[in-house]
Every structure is written in structure tokens, then in C-alpha cells.
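Shared between the two complexes below is chain A, which has chain B as its partner in the first and chain C in the second.
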Partner chain A sequence: MNIKKILPQLLTLLAVILIFGFFSYNAQVNMENRGITFGYGFLSQESSFDVQFSLIEYDGSHSYFRAYLVGLLNTILVSVIGIIFATIIGVVVGIARLSNNYLINKTAAVYVEFFRNIPLLLQIFFWYFAALRALPLPQDTEPMFGVFFLTIKGFFVPAFVWNNLDIFIYSIIAAVISIIFVRIYAKKKQENEGIQTPVLSISIGLLLILPILSFLFGGVDASVEVPVIKQLSQSGFTYDGGIKLPPELISLALALSLYTATFIAECVRAGVQGVSKGQKEAAASIGLTPNQVLKLVVMPQALRIIIPPTTNQYLNLTKNSSLAAAIAYPDLVLVFAGTALMQTGRAIEIVSITMLTYLSLSISISIFMNWYNKKIAIKEK
Partner chain B sequence: MNKLNFLQPDKNNFNTYLYTGVILIALSIFTVFLNSFFNRDLISFLPGTISFFLPLILGFIGLHLIRIDYSGYKFLDSVNKNINTNNFNAFLSLLIVFVIIKSLPPILSWFILDANIAGDSKDVCTGSGACWTYIKIWFNRFMYGMYPNPEQWRINLSFIALAFLGCVGFFASEKFKKYLTLYYVVVYPIIAFFFIFFFISGGPIFFDFSYGIIAAVISIVLGFFIPSKFKMYYFIIVPITFYILLKYVFFYEELIELGKLEALEWVETGAWGGLSLTFIVSFFCLIFCFPIGLFLSLGRRSDLPIIKYISIGMIEFWRGVPLITVLFMSSVMFPMFLPEDLFIDKLVRVIIAISLFEAAYVAEVIRGGLQALPRGQYDAAKSLGMGYWKMHILVILPQALKLVIPGIANTFLALVKDTPLIFVVGLLEIVGMLNLAKTNPEWLGFAMEGYVFASVLFFIICYAMSKYSYNLEQKYKTER
Partner chain C sequence: MFKYLKQLTSLVAMVAVLFTFTTETMAAKKSKTLKNTQKKGFVRCGVSQGLPGFSNADAAGNWTGVDVDVCRAVAAAVLGDANKVKFTPLSAKERFTALTSNEIDILSRNTTWTLSRDADIGLTFVGVNFYDGQGFMVRKNSGISSVNDFKDGVSACTNLGTTTELNMRDFFNSKGIKYEPVTFEKADEVVAAYDAGRCDTYTTDKSGLAAQRIKLSSPDDHIVLPETISKEPLGPVVRQGDSVWEDIVRWSLNTMIEAEEYGVTSANADSMKTSDNPAVKRLVGAEGELGAALGLDNDWSLRIIKQVGNYGESYKRNIADTGILPDRGPNELWTKGGILYVPPAR
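Up next, the complex of A and B:
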């Protein structure tokens, strides 16, 4: 070991330690001056603030930890909705970008260029403050298909009322497990005998039949509860029953999915273009049908290119969902790093918990992606 | 005369097919056009569903009839090839054309025909269209925030001067070309810093930090003349010495007295805002995040373990958290980490936070470029006897950076699009100003106009940036 290698390392380490030491010393002094003690005990205290939209039961008498869970679940909810729609729009637009039809191609290109060059925050504000504010009041709303009500106060959709919901869920789990077995069997059969089994149609069939059986014999029963208009006061109306999606959720999910879809579309386009023409021609020349070419040759190679950047976009979407704080959608940042922080004044604890939550989420996903990349990488001889 | 087979148009009855098809298409487009522009419904005598779908069906049949391969007419062939290859494509093309025709009139009327721009109060906005008067009245606020009106020439002057100084590269003669990098990396940011932080704010030119800045600049300039063998020791010892000398020995009080710009009114950063703040924040973050990201990426690929793991930790931490929490940290948590008498301006804190955040992304992009270089480049440089820094500056980085131009441009675009987030700490750039103007009781109900205006501005800025990066990419593309 020579000095040229050790000295820079020592100096960096020293600098890092000095900075951290400086910060923590100041933090201690500041907290002593303000009479706060560091600790996470406040999490079990009564929170005494209300959240207007929550997936689990929550009111002011619950603890701060419960408020944290409410925020986390809301973040997960909007991210999942956003991811589903972004994927659908992104794949469609990405394929449209590859079309040889000039009009379709250009329309998709205009969409991509337009939506990705405008800040996401601006889009969220646009949907929330401008577009959704133009919707009618509850009493003037024309129902869509008779059961959906899109109003200025939110989107009211019918809800299912279940009997024996657990049996239904078991049936779906059973279907998934049997599909996994079918896949394993099909793979073995193809390796041994070279015969392909129609796995896709079998899986769809299983997914349909088992739940239907549970309806017929398992005593599962679902009825639909349609929202009904209700008068609150002289001029105040709302809908009762069904599920209410607040406008904050709608505008956030809309903006997130429209914005992220542009990036996913580019990933899809790059992935399909990344499969060389020779591959398709070679596959066609050994007698595969166009469907088989797509399924067995193009898609596996394209997915290898598409999936890593797309996962990155999903991660970005989840992180971007924290912009919810700007329109008062009660997500993790607003509920916990906003309201809870204001009430307790515990800046260090709360900001660190919030950051750690996002950090653990993205690090676990990136570890998974590294594993996945290694697994699907082409094994070169 | 050959038999007509309408299911399979061919060249034999070419004219018949062509004329029938073109008439049908023209009819369908004409119907939709009349309907959307003049509100006349030619086919209203038909039952509802049919009259709704009739243009689509007519156009579809027309497109089917003119789908004749190798007709010999250039225009027809190109139409067939581009929008009319098969039934499905024809259907989609028609749909897009109809949607465009249908949506043009409302858009036109909202933007131009029914819009108002004259006058200077809300009362002139009576039409159903946009109220551009609102933008006109608030224009100064959207551009300059709360910056006092009589002082706004300072912002304009600084930006014009900086734009001119930024264009120097295009006019430099061959003789000065080799100094351009030095100019853009060191001199230009410092000039910009002086302009923005002293001319626009009008505060005292010399404060505690400026000793550090001056010390750093002098030692970097002197550093070019030091033999590379001693460079490392030099850069550790000399800047600190300079700082101490400047601060405690040489003219301390005198400089502060000298640096006060009595003529300019002091405008605190809280009053800055609007589009100019967007530019200021993006500009400084761009300048700072690139070198930090470069060093982080080099650190991540270094074979010195401590440096490597510190770099990995930095990169993964900043990449793992949303920017909004970073800004929260800089506004509520960071003051706890500083001594009570040390106050760092809000704007400076925000710029530091965004720079560190984006630097992690820049680092990952540059790492991609470094990894893409073949091993042979490193080996060749080493076999020529180059040291670590010489190898990277002369051989590795020029190639690696060339490769990652698109990635860096994307990161910079993301940075510009992230600047509106500074509303978290109470700084109002253009989107923040829009939200403020929207809640003004005199001007309620014009949110749409404001957001459309800002969207168009951002679109122009970001689109220009992405096109410029594409040009750069093409310019520096080398065959490999």
C-alpha cells in the first residue's frame, strides 16, 4: 500500500466524519435549546388530526403510527392505479409509435413530446384546478351508463357487496396455483416431447372457471350498490353508497399516468426496435408462424430490453406520487411529513422516517432488478 | 368492360374505383367538416346511430376502393403506403382525421376567436373563450415574481448580459478555442454568480463565503502551473491557506466597505420569483450538479474502497428519495443541523439540495458511459504512462461524455421540470405565482389560462433543450 492510495481515502473519511459530527453536534445543541428529546416514542401518541380519505379506519383518536400507515396506503393506492394506467397507455402509444401509418405514428409522437416536456406538477395542477373544476355539481350530473357519476366532488362508482368473500379469494388463489403447475407441466412437456401446450387459454379458462364455480357452489354472492343522490342542505348534494374517488386522487392518478406513459412508450419503442430484423427473418425462415415469431422470438428479446427501464419508470412514478402534497391528497408526505410534523415539531425523526420509507422501497426494487437482470441476461458462451 | 368487384379493387377498372372512392371520402370529410365548423348536419334525417357512424362508414369504403397497388400515381401510392395499408389502418386514419376536424373549432374558438386580450380589467372577459387579459395584467408577476417593478431592469440586464457571455463560444476565433472549456467551467459560472447574487439581489458583494470562493479560484488558476507530482498535496494545503490569509490577515473590513453597492436597492431572495427564478435555479443547479455527478461517478468506479462505498451510498441515497422530501429536509430539518447563528438563505439551500439530488442521477448516467468504454482504452492510456487524472481527462472522459449526451440532457430536462417543486420551501417560481394569482379575489376563475400559458412556456423551453441535445449528439457522434 502506498501513500497515494491511503491518503485520499483517509481524507475523505475524515471529511465525512467531520461533517456528520458537526451536524449531529449542532442538532443536539439545537434540540436542547428547544427542549426536545430525540426519540420515536411519539409514534404511539394520539394524533388528534383527521384525514379526509383513508383506506383503513382512522380518526383523530388513533396513533401517529396509524396516520403513517394511512399515508403509506394512500401512496401505494395512487401508485398502483398510476402504474396500471401508465402501462396500458404507454404500451399502446409505444406500439403506435412503431406503426407504419403516418397519422398514427405522428399522433403518438405529438402526445409523447407534449406530455413529457411539461412539468408533472403543472399537469397535476391543471387537472385539479382547471379541468376537474369544470365538472358539474352532483345534482346536475348526467350518469354514465346509469351508474357512474363524475362530479366536481369526485367520481362515484358502484361498489360490490360480498357474501363469503373469503371463499372467492381462495378460489382465485387456487386458480393461480394451478396455473403455475400447468406452466411447469407445459415447459416439461415441451422440453421432452417438443409439443406446445396452449398455456394462455388454459390459464384464462382456469381464472374464469374456478371463481364461477365458487359462485355456483361456494355460496359466494355479490350484489352491486349504486350511488344514490342525497340532499345535505338547501343547495348541497352528494351521493350516498358506492365508492367515492376524491378529485385529488383522480387528478393525481391522471397526471401521473399520462406523464409516465410517455416514458414507458419510449421504452417499449426502443425495446421492439432493439430486436434486430435478422432475428425476425430467421424465425420466419425456419417456418414459425407470425404469431409464433412474436411470441417466441421477438417478445422475449424485446422484454429483456423493455423491463429494466420500465421498472425504473414505475419507481419514478411512485416517488413522483409525493407531489400529492401540492393538491392536498393525503399521501405519506402530506399526512406524515406535513400534518404530523407540524403538530409534533419533530423534524428529524419524521423526515428521516419518510425518507427511509421511500429509500427502502426503491433499494429493494433495485436489488430485485439487479437479480432479474442477471437472470435474464443472455448467457454468452 | 371488365367485371366490377368492389371487394377487391384492381387496376382494370382503375378510374371507376378511384373516382367512386375519392367521392365517398370527400363526402364523408365534408360532412364532418360542415358539422363541426358550421354546425350543419347534412344527414340528420337518418336515425341517430347511423347518422353518427355514416361518415366513418363512407370514408372506410372509399379508402378501401382506392387501395390499389402500383397504380402509377405517385400521390395515390404514397397515401396507400402511409395511411391506408389495410382495413384496420384505414379505420384508424379516418378516426384520427375526424377527431382532428371535430376538435379544431372548440380549440380555435377558445384560444383565438372568442378570447379577449384588450382592456386591463376582468370586465372585458365576457366571451366563452380564454381571457388573455389576465395573463397580460399579471405578466410581470409571472416573469419576475414579487421583485419590485422599478428594479426589474436589473434582472433583464443580467440575463441579456449572461446570454451574450454564454454565446462567446460560437464567435471565438481558433486561437481562443482551447480556453473555452476553462471559460465555461470556471469563469462563466463565477461571472454568473456575481451577476445574479450581487447585481440582482443588490446585497454586499463580500461576505464570508466570498473568501472561500476567491481562495478556490486563485488556487485552481495557480494549480495549472504546479507539476502533477505535487498536485494532490497542493490542492489540499493551498486553498485552506489562502482562505485563512484572505479572511484574517488581508483587508477584511476594507473589502466589505468597498463591496457595498450603495446605488442598488437590496431585494431579498424571498421576493424573487416567476420565470426568472426558474431560470436562476435551473442554471445554478445545472452548473453545480454536473461536476458533483462527475466526481461521484468516478468515485463509484474507483478501486479505493472507502471512496467507492461513500460514493455508492451518496448516489443510492439521493436516488432513492423523492425530491419533495429532500426539499422538506432542506427547509425543516437542515436548520436543526446548523449552529444557531449561522443562517443560510432559502434559495441557496434549495439550490444545494436540488444540485445534490440531480448529481446522483448525472453520476449514474456518466457511469453508464464509463462502463461502455472498452477495457482497451484504459489499458492503452495506462501503457502510455498516464496517471489516473491524466488518463481520465485526456482519454476516458472525452469519449464517455460523448456517449452519454442524451442521458445527461434528459437529466437536465428533468431538473428544469423539477424546479416548480421549490414551492415547498415557499419560493414561488412561475407555477407558484400562477397558484397565487389564481386565488386573488379579483381574478378568480382563470386557472385554465394560467396553466395553459405556463405549459406552453415550459414546452418551448424543454423542447428546445431536447432538440439542442439531439444536435449536439449528432455533432459529436463518431464512428466506433
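Up next, the complex of A and C:
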């Protein structure tokens, strides 16, 4: 062991410990002086405040910890919706920017330049208050397909009421497992005998047939509960029954997707342009069809360029979802670092939990994306 | 390694405690906050982000309101000039942290005095400068005339992080009504969302409803329901642990209220020095040594009355004349049927 190698590292470690020690000691002394107690015991206390929108059962008689879960799930919900839509829009716009059609190309360019150069908070406000101005009151709304109601108080959609939902879920799990086996079998068959199996149509068939069988023989039954209009007062109405998506969720997801999609579009464009022209020409010259050129030659190479910066955009989107507090969407920051912090006054505890939560969310996303990146990376043989 | 760290920190702590102990005993007579304020030359005051009548900045950046006047009174008492105040606009969420982390020295921001806030989080409430209660605003054409007319599914807009959120739950639960709380961080967004029709009712302190109503697109289409569902005594707050500063803020507020009780106004304060009533003479510093007990000179209260005015003047200037709440209701002196009653200054 070389002392010259270890000493700088030891000194760095010591400095880090001293800095953290100083801050925690300082916080401790200051809190003691001001009569503030420290502890996480409050998490089990009754929260005594309600939340507008929750994926799990919750009201004020539950604990602060439950309120934390409500906020966390809402954050995850809006992030997942945002990531899905941002990816779809981003890929479409990114490819549109490569189009030879002048109109498509320029429209995509204008979209990207416009949306990525306006601060996100402004866009969130814009979509929220634009939505509130544009959407009709519950009594004035025209139903879509007779069962969907888009109103200022939210998007009311029919809910499924299930019998034996578990059997239905098992049938889907069974379908997914059999698809995995079919794929393994098809790959082996191609490697050994050179015969291609139509994997896609078999997969779709399995995914349809097994759940249908569960309906026919498994006693699974679903009925639809349609929202009905309900009068609250002479001029006030709402809808009862079904599922309600609050306008806050819709406008936040919209703003996040449209904003992040611009960055993803640029990643996609860079990725596709990064594959050299010779690759495509070589692929065509050995007789691959244009579809195969895209699927087997261009995309695998483009993805290697696209994935790392796109991971950053997914992380940004998740963190940006904390702007929800501005428009009353009950995410982690609004519910936990907002209301719960105010009601308990436990700033250090709650902020530390919130920071750790966002850190874990971000790390989970980046672990997943790194795994995916490794999977598609060049495998040197 | 960690074992030594522990010993090291306890050594540092001991030295620090010894050091503060010796300096603290010398400074005990004089408040640390008072000393800092005099050194800086201005009072650091936390206010709202804009609540007409309580704390609101005009286009030129001049703050007015009854909450603002409490800070101005302290500045007049401590520094001799009511304008030597630095105002920091704070959201409901930030306000207590700003005070406990030493960013401000007085929080005068329509803040409700509750047990948990007073005892638990390092704060001390010094008094009440406005007696308020939570109410509901609804659209006139809804036909709702009482809180008993609310039905299951009603959506209510309000600010997050306030006692309002808790009262709302208690109220709707006691009535057995299912409701949808829509909570925003800033009051302007609450007003905008209610105005657009997102919510059936807007709930907050009644003074707040009256003040925010003028921001709606057509204020006359909305009414405040008669019921009050909670007690909201609003008052200034200071950090726990500086009792001299606490006394200064408390008695600056009390002086304004007592001045109204004895009819001392900004206009006649000087002439009151020769009053026959000893209580009035004490109030304007012509008798007794009341200022010394607070570490101030004897004209501190006279300056408050002359520069800021008594409570009645402040109320009239900020709340009554602006049309927010012309009727003083409970915020009238106890001698005139209200509940404003302060201990005597003697």
C-alpha cells in the first residue's frame, strides 16, 4: 500500500465527515436553542388533512406516512404518464425533423424551438389556466362517445367494476410468460434451422385469447359504471361515479410531456443522424429490406446515442413534476413538503425525507436506463 | 474513527457552551435581536405576498396594512423611525422557517395563534391584532345561503399549509359531507381557479375572503356565507427565547390598542403630555419610566402613536376606508362591544 495514494483519499474523507459533522452539529445546537425537537415519530400521527386526488385509500384520519405515500404515488403517476407521452411525441417529432418534406420538417423545428425556450413553470400555468378557461362547466359539457365527460372540474371517465379481477390478472401474466417462451423458441429455431417464426402475431393472439378464455370459463365479469351528472346547487353541478381525473393532473402531464418531448426529439434526431450513411448503404447492398435496414442496422446504432441523454430527460421530467404545487396537483412536494410540513413544522425531517425520495426515484430510473443501455451496447466478440 | 469524532464534537460543544454562557450573561439585559436591529438600522419583518388591508405593496413598493403597521410601530419604538422596516414577502409555507432561521425578526402575516405553533416549533405569539374566523364564499346564483346547503361532491379551493385546511376537514366531516379540497400554494392562483369555476366554494379567513373578493372578475356575483366555522386569532410572532424582544413587540401592539382606548391619536399625541389622566401621561411617556424596562428610551410609545397612529386609525386607514370590512365586528374595543382588551401599560 502506497501512503501517497491513500493519504489524499483519507484527507478527503475526513473533510467530508467534518463538513457534515459541522452542519449537523450546527443544526442541532440551533434547534436546541430555539426549543425545536427532532424526530420522525410524527409520521405515525394522524394527519387530519384531506387530499384531492389519491391512488390509495386516504383521508385525514390516516397517518402522515400514508399522506407521504399518497404524494409519492401521485408524483410517480404524473412522471410515468409524462415519460410515456414525452417519448412518443419526442420520437415522432425527432423523426419529423429528419423528414425531407419542408412543411413537416419546419413544423417540427418550430415546435421544438418554441416549447423548449419557454420556462416550464409558465407553460404549466398556461395549460392549467387555459384549460380552466376553455373547458365547459359540468352542465354544459357534450359527452364524448356518450360516456366521457371533459369538464372544468375534471375528466370523468367510466370505471370498470370487476368480478374475479384476480383471475383476469393471472390470465394476462400467463399470456406474458408464454410469449417469453415463444420468443426463446423462435430464436432457437432461427439459429438452428434458419426458419423465422411470426412472433408478433402469435404474441398478439396469446394476449387476446387467454384473457377471453378467462371471461368465458373463469367467471370473470366486468360491468361499466358511467358517470352521471349531479346537481350541487342551483348553478353548481358535478359528476358522480366512474373515475375522475382532475384538471390539475391533465394539464401538468400535458405541460411536462410537451416540454420534455422537445429535448427528446433533439436526442432522437442526433441519434439517427449519428449513424453513418455508409451503414445504410452497406445494409441495402446485402439485400435487407428498408424495414430491416431500419430495425437491424440503423436503430440499434442510433439507440446507443439516444439512450444516455434521454435518461437525463426522464430524470428532469420526474424532478420537474415537483412544480405541481403551483397548480394544486397533490404530488409529493405539495402534500408532504407542503401541507404536512406546515402542519407539523418539522422542516428538517420532512425536507430530508423528500430529498431522499427524489434521489431514490432518480437513481431507480437511471439504474433501469443504464441496464437498458448496457443491453443495447456494442457487444465485442 | 467515529469514536474519536464523538469525543471531538463533545469537546467542541463544551467549549462553545462555556463561551456562549459567559457572553450570554453579559448580554442578558440587552436582547440579542434588539442589539442586532439597532446595529442594522432596520427591523426585519415578514409579511404576506399581498393581502389587501393586512400587508400589501403598492406599485411603488410601499407596504400598507394592519400587519405592516405592527412592524412599523416596532421600528418607531426601537429605531425612532416607522419607515425603517425591511419587508420580506413570505408564502404560508415559508413563514415559520424564515423566522426560526433568523431571516426575519417579526412575522406579522395574518398568522393564526394555535397551541402547537406556539409550543412546538420554536415560536412565540405575542398577541392578537385581528380576530378572524373562517368562512365560505360562493356564487350568488348558486342559491346557497348557508353552509347547510352544501352537498356531497362540493369542491373547495383554498391555500395549502394553513389552519384553513384543517378546519375545512373538521367542518365537512362534522356535517358528513364528502368534499374535494383543491389547495394552491399562492392566494392569487386560488382566486383565479375559483373565479374560473374550478371550485364551488372558496374558503379562508373571512377577512381574506373580503380582501380577495375585489380581485374577482365580477365581485358582485359572489357572497360570503354568514357562518363562521372557526376561531382565527391573527397576530405577530417572534422567535422563542428572546423575551426582551418578545416584550417590545407585544407592548408596541398593546400601545396602539391602548392609545385608541384613551383617545390618543397621531394628531393629538403631543398635547396629551399635559393630560390630567395619569394613564394617558404614562402612555405618551410624560410620566413613569416604562421604556427603560424594555431597554428603550421613554418616548418609544409616543413615537408609535405619532408615526403609526392608534389601532383605530390603522384599522380605518387600511381596512375600513378600503371597503374590505367597514364593520369592525369583534375587532372593536371592549368598551364599545368588541373583544379588544389589552393589559394596562404601567
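One rule holds for everything that comes next: the second predicted complex is superposed on the first by the 344 of 381 C-alpha atoms of A that agree within 3 Å, B and C clash if a C-alpha of one lies under 4 Å from a C-alpha of the other, contacts with A are read in each partner's own complex, and residues count from 1 in each chain.
Keep this in mind: contacts are C-beta pairs under 8 Å (C-beta built on N, C-alpha and C of every residue); 3 or more make two chains touch, one makes a residue touch a chain.
All values reported here derive from a predicted model rather than from experimental measurement.
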item: Partner touching more residues of chain A, whether chain B or chain C; value: B
item: Which of chain B and chain C A:Arg133 touches, first, second, both or neither; value: both
item: Which of chain B and chain C A:Ile104 touches, first, second, both or neither; value: first
item: Touched partner set for A:Val226, first chain B, second chain C, both or neither; value: neither
item: Which superposed partner A:Thr339 touches (first chain B, second chain C, both, neither); value: second
item: Which of chain B and chain C A:Ala347 touches, first, second, both or neither; value: both
item: Touching partner for A:Ala159 - first (chain B), second (chain C), both, neither; value: neither
item: Partner chain(s) touched by A:Leu11 [first = chain B, second = chain C, both, neither]; value: first
item: Partner chain(s) touched by A:Gly21 [first = chain B, second = chain C, both, neither]; value: second
item: Which superposed partner A:Ile167 touches (first chain B, second chain C, both, neither); value: neither
item: Residues of chain A contacting chain B in one complex and chain C in the other; value: 29, 31, 33, 129, 133, 325-326, 341, 347
item: Contact set on chain C toward chain A in their complex; value: 5, 9, 12-13, 16, 92-93, 96-97, 100, 116-117, 120-122, 138-139, 141-144, 149-151, 153-155, 157, 160-162, 165-166, 168-170, 173, 179-186, 189, 192-193, 196-198, 200, 239-241
item: Chain A-facing residues of chain B, complex; value: 81-83, 85, 89, 92-93, 96-97, 232, 236, 304-307, 310, 316-317, 319-325, 328-329, 332-333, 336-340, 413, 416-421, 423-424, 431, 434-435, 438, 447-448, 451, 454-455, 458-459, 462-463, 466
item: Contacting residues of chain A [partner chain C, same complex]; value: 17, 21, 25, 29, 31, 33-37, 48-52, 60, 129, 132-133, 137, 152-153, 230-236, 238, 240, 246-248, 325-328, 330, 334, 338-339, 341-343, 345, 347
item: Interface residues, chain A side, partner chain B - complex; value: 4-5, 7-9, 11-13, 16, 22-24, 26-27, 29-31, 33, 99-104, 107, 113-114, 117-122, 125-126, 129-131, 133-134, 319-320, 322-323, 325-326, 333, 337, 341, 347-348, 351-352, 354-355, 358-359, 361-363, 366
